[in-house]
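Please go over the structures that come below.
In what comes next, subunit A is part of two complexes: it sits with subunit B in the first one and with subunit C in the second one.
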Partner chain A sequence: MIEYKSVLTTCPYCGTGCTLHLQVLDGTLVGTLPAKEHPISQGGLCIKGWNVHAFVNHKDRLRTPMIRKNGKLEEATWEEALGLVAEKLGEFKAKSGPDSIALLTSAKCTNEENYLLQKFGRAVIGTNNVDHCARL
Partner chain B sequence: MSDRLTSLREAIQQVFPQVDGVLGIRRGPGGIISPYLFHSEHPEELEALAIWPKEPLPDVLRKIQKAHPEAKLAIVCRGCEERGVVEMMKHSQLNWDNLTLIGLQCTKEEAEFCRCAKPYTVHAKIVVGEPIEGVPDPVTEKVAAMSREEKQEFWKEQFLHCIKCYGCRTICPQCFCNICTLEDEKFVETGRLPMPNPSMYHLIRAMHMTAKCVACRECEETCPADIPMAVHFRLIARDVQEMFSYETGAILEQKPPQLLVLEEGEYERTGLPH
Partner chain C sequence: MTNSIPEFEENTNCFFVIGSNTSEGHPLIATRMLKAQKRGAKIIVVDPRKNQIGHWADIFYTFRPGTDVALFNGLMNVIISEGLEDKAFIAERTEDFEALKTLVAEYTPEKVAEISGVPADGIREIARTYAKAKPAAILYAMGITQHTTGVDNVKSTSNLAMLCGNMGIPGGGVNPLRGQNNVQGACDMGGLPNVYPGYQAVTIPDVQKKFQDAWGSAGPLTVGLTVTEMLHAAQEGKVRALYVMGENPMVSDPDLNHVRHCLEETEFLVVQDIFMTETAEMAHVVLPGVTFAEKDGTFSNTERRVQRVRKAIEPIGDSKPDWVIICELAKKMGATGFDFASPSDIMTEINALTPSYGGITYARLEELGSLQWPCPTVEHAGTPYLHKGKFARGLGKFFPLEFKEPAELPDEEYPFTLTTGRLMFHFHTGSMTRRSEKLDSEVPTAYVEINVRDAEKLGLNGDKRVRVTSRRGEIELDARVTDDIKRGVIFIPFHFAEAAANKLTNSAIDPVAKIPEYKVCAVKVEIVK
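Right, the complex of A and B next:
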């Protein structure tokens, strides 16, 4: 059976929140169509939104975290990468205090993700140094 | 409206046994419509069948047929979409023999929204809705009646708003070339907005739409800057009619003027993307 469907989603590129359809043919992503009648983007997209399907299966896309070892980026597991980040943050906090750390978040993330990051900053690390790319 | 929807559902069910799928539109989550391939195995999916707003279905059909050249497919098409399918067939983009057309006739309101001169199908054997007369296009007439200075000012103002999203090119079912002149930096400079020379983008596109535009107005609908670019294509279509007696989508056997060759097979020999 030939399967063609559209998956409604939000463009990941900026904070505007344009809505688009990912065109899926037999389980493979083949293109993008704007969502007509959607109140935010009203059937339009910018050039990045129109090409949003292109990066998903791109050969240059990073598929694992990378850790720099001896000046060279090497593939790592999430456990290794997050472990390293936690270790370093703990080290900096112990050595120079929580205000030596700042957290920068992004308009490309959802409200919930941004909320979590400031919560992590204030409740776990203990700093109010939280800022956002849209304010820079 | 609802009557036409019921008739369309019945027409699709009638076609189901003869095809591998019927391309139409359905209302999905949040009431947002999108193209969808309906199957006889799941007739209950026709509950979500929708008819408006329209979507660039011929382009979706081309994508599906490219992956499944042997599949028997049906497409729900309005007048403009039927013309689109015919032109794509002439340019070797679709296999006509494997297609069934279900002609959906537009209402007066829909035709007025599209400023459409031909809101009806002419080739489809299965027809849903009553065909109506075309409506005038006040925007094209307004531009056509402007003085030279007024035209220049009008288009300068319109092009100033272009954000170069390439949406008009990307959504167009008749824009199927493998190599696109608009992506050639010799003609369209990258990285500058507003474009220093917007005529390059918009007039190259207008020229490439000669004897190809089927007046579906998908380009204008997707334009975030509301540029009435279909006006170019419609005025050029009048010249094409005068010069070559060619009307897109009208006569199946008539070759488009850009495919006029002196010897059979000449177009294929050039190796041009087609």
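Right, the complex of A and C next:
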């Protein structure tokens, strides 16, 4: 028995915001189809949009947290990696003040994630050193 | 964008495109423009290169990079001296027109032709076509903003639009086409050093108190650092830790040799991303996030349209959605206020604290497909175009602006002007598109476009390997000889780390917007023997 579904979502490339259907076969992305009813794309997609599924399963995807040890990035658990980040950020905040820490949010991530990271920077760290690549 | 993309096809009679290669950068927006052209709308394109949209334009001129303010002043000079301005709009809805009129009187078409390289009659042709074709829309992208005069350039676009009464009407407006899927949303959500979500200024005590009350704690009353400033501060030891989520400054930022040096000086670098980017390679801790296909959320497009991102597959390997990572980290640091069950839960908090997103709930997005902010309440239908009847500040303000030269001009040693940009097949630093087989096979590596007569002078017979050098670095890449680029100007797409255009670019920034001048720097070109 194969399991197929199509999921309506928004393209992650440019700022036009075409929606598209991701085709999922047995839990893996296998293709992309345009969305006919969309007010902008009206059933069209550009070549990037048609290929939007192609990078998701790429062998280069990061699959596990990593920590630099003796100059080299080595695999770690989430517990170790987040524990180290929390400890270091806490240490810099205490020793050098909140403004010794800076954060880049992301034009690729969702609204909710951007909201959370700037909230983390402002409410938990206590700095306005928050920016992203809007200018770049 | 002040206006909406569907209006382009339905309402717009003239498109003035400057600093945007719309059909490559935003193909589906260009599709709507070309449909409008079929019913008689005119497309005007001005750019240092005859880019793809330039080939389809009704009127096209090349111009010297960085002379935008002079060009706009020249257009307004013609419009005012020929009486083509919208006098009623100016009287009812604007202020400081007299000051603008006095200043642009100095910018005759002949004088502007000398500065910009657009012939005087061409300036007249553009001015008349734009002024007589209401509603007319100005479209721009980074070609306008990535200059040390970026803010002046943007103000110039709004001067011209107001002069002809093209604001607050469907099909008109000033329309920055934003390059990334959610750069609009990242700004809306307060991913900026000077504002909380919804552009509420960090310097206003009442705003600070609002967020203190909601979050238990908030940022200081002082503006923070921009990305370019963060890197400088890291080099000076003032910033000791840098947390980077889904960004790749080692390819995207100007003067990369300097960026590398700054990141090397950063004591603690955390990178949260989906691939081992050039920046992640330098990190002390790397956290695997997920792609758009593995999480729920929303993106806000260039016309302020908020739309759903829906999870299609489970996270790959041991990776986690970025929102989950942030919540877990915050809780590890003992913070409260990060107990969210889903992105929909986070949106509920956004609704409560961000007036322009007040009515944009998941339930409504499910029902309507999308909503354009401002959308203050759940009864509000959203806002397709801004400034109807009244500007946000009351009267629309004209800014008289003198032309200023770019920070670095060509000279004897570095005789060419380099301008950078994007290609249809690739996206930003290439970490996604260069891992997509079909896209990668279209354009597998970097190249430089050079004018056919400049190539002859250099002894470049046909396409060859060249070295391009600026005061900051050098790269080697293939030359593509073309007559589609202005003499004295070369173009390099910035997607390719192995021949990164940003090793050459100048990190000189606009004093207000702090945007680097990617679009103009001085370089030399030599044949690689």
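Convention: the second predicted complex is superposed on the first by the 112 of 136 C-alpha atoms of A that agree within 3 Å, B and C clash if a C-alpha of one lies under 4 Å from a C-alpha of the other, contacts with A are read in each partner's own complex, and residues count from 1 in each chain.
One rule holds for everything that comes next: a residue touches a chain if its C-beta (ideal position, glycine included) is under 8 Å from a C-beta of that chain, and two chains touch if they have at least 3 such contacts.
Everything numeric in this text was worked out from a predicted model, so none of it was measured.
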| item | value |
| --- | --- |
| Partner chain(s) touched by A:L25 [first = subunit B, second = subunit C, both, neither] | first |
| Subunit B versus subunit C as contact partner of A:E113, first or second or both or neither | second |
| Partner chain in contact with A:H58 - subunit B first, subunit C second, else both or neither | second |
| Partner chain(s) touched by A:K36 [first = subunit B, second = subunit C, both, neither] | first |
| Residue contacts with subunit A in the superposition, subunit B compared against subunit C | C |
| Which superposed partner A:L8 touches (first subunit B, second subunit C, both, neither) | both |
| Partner chain in contact with A:L45 - subunit B first, subunit C second, else both or neither | both |
| Partner chain in contact with A:C133 - subunit B first, subunit C second, else both or neither | second |
| First, second, both or neither for A:G90, with subunit B first and subunit C second | second |
| Footprint overlap on subunit A, comparing subunit B with subunit C | 5, 8, 19, 37-38, 41, 44-47, 49 |
| Residues of subunit A that touch subunit C when the two form their complex | 5, 7-19, 22, 24, 27-29, 37-41, 44-49, 51, 53-58, 60-68, 73, 78, 81-86, 88-90, 92, 96, 98-124, 126-136 |
| Residues of subunit B touching subunit A in the complex | 20-21, 23, 28-37, 39, 41, 53, 55-56, 60, 63-64, 67-68, 71, 163-167, 170-171, 221-224 |
| In the complex with subunit B, residue positions of subunit A that touch it | 1-6, 8, 19, 21, 23, 25-26, 30-31, 33-38, 41, 43-47, 49-50 |
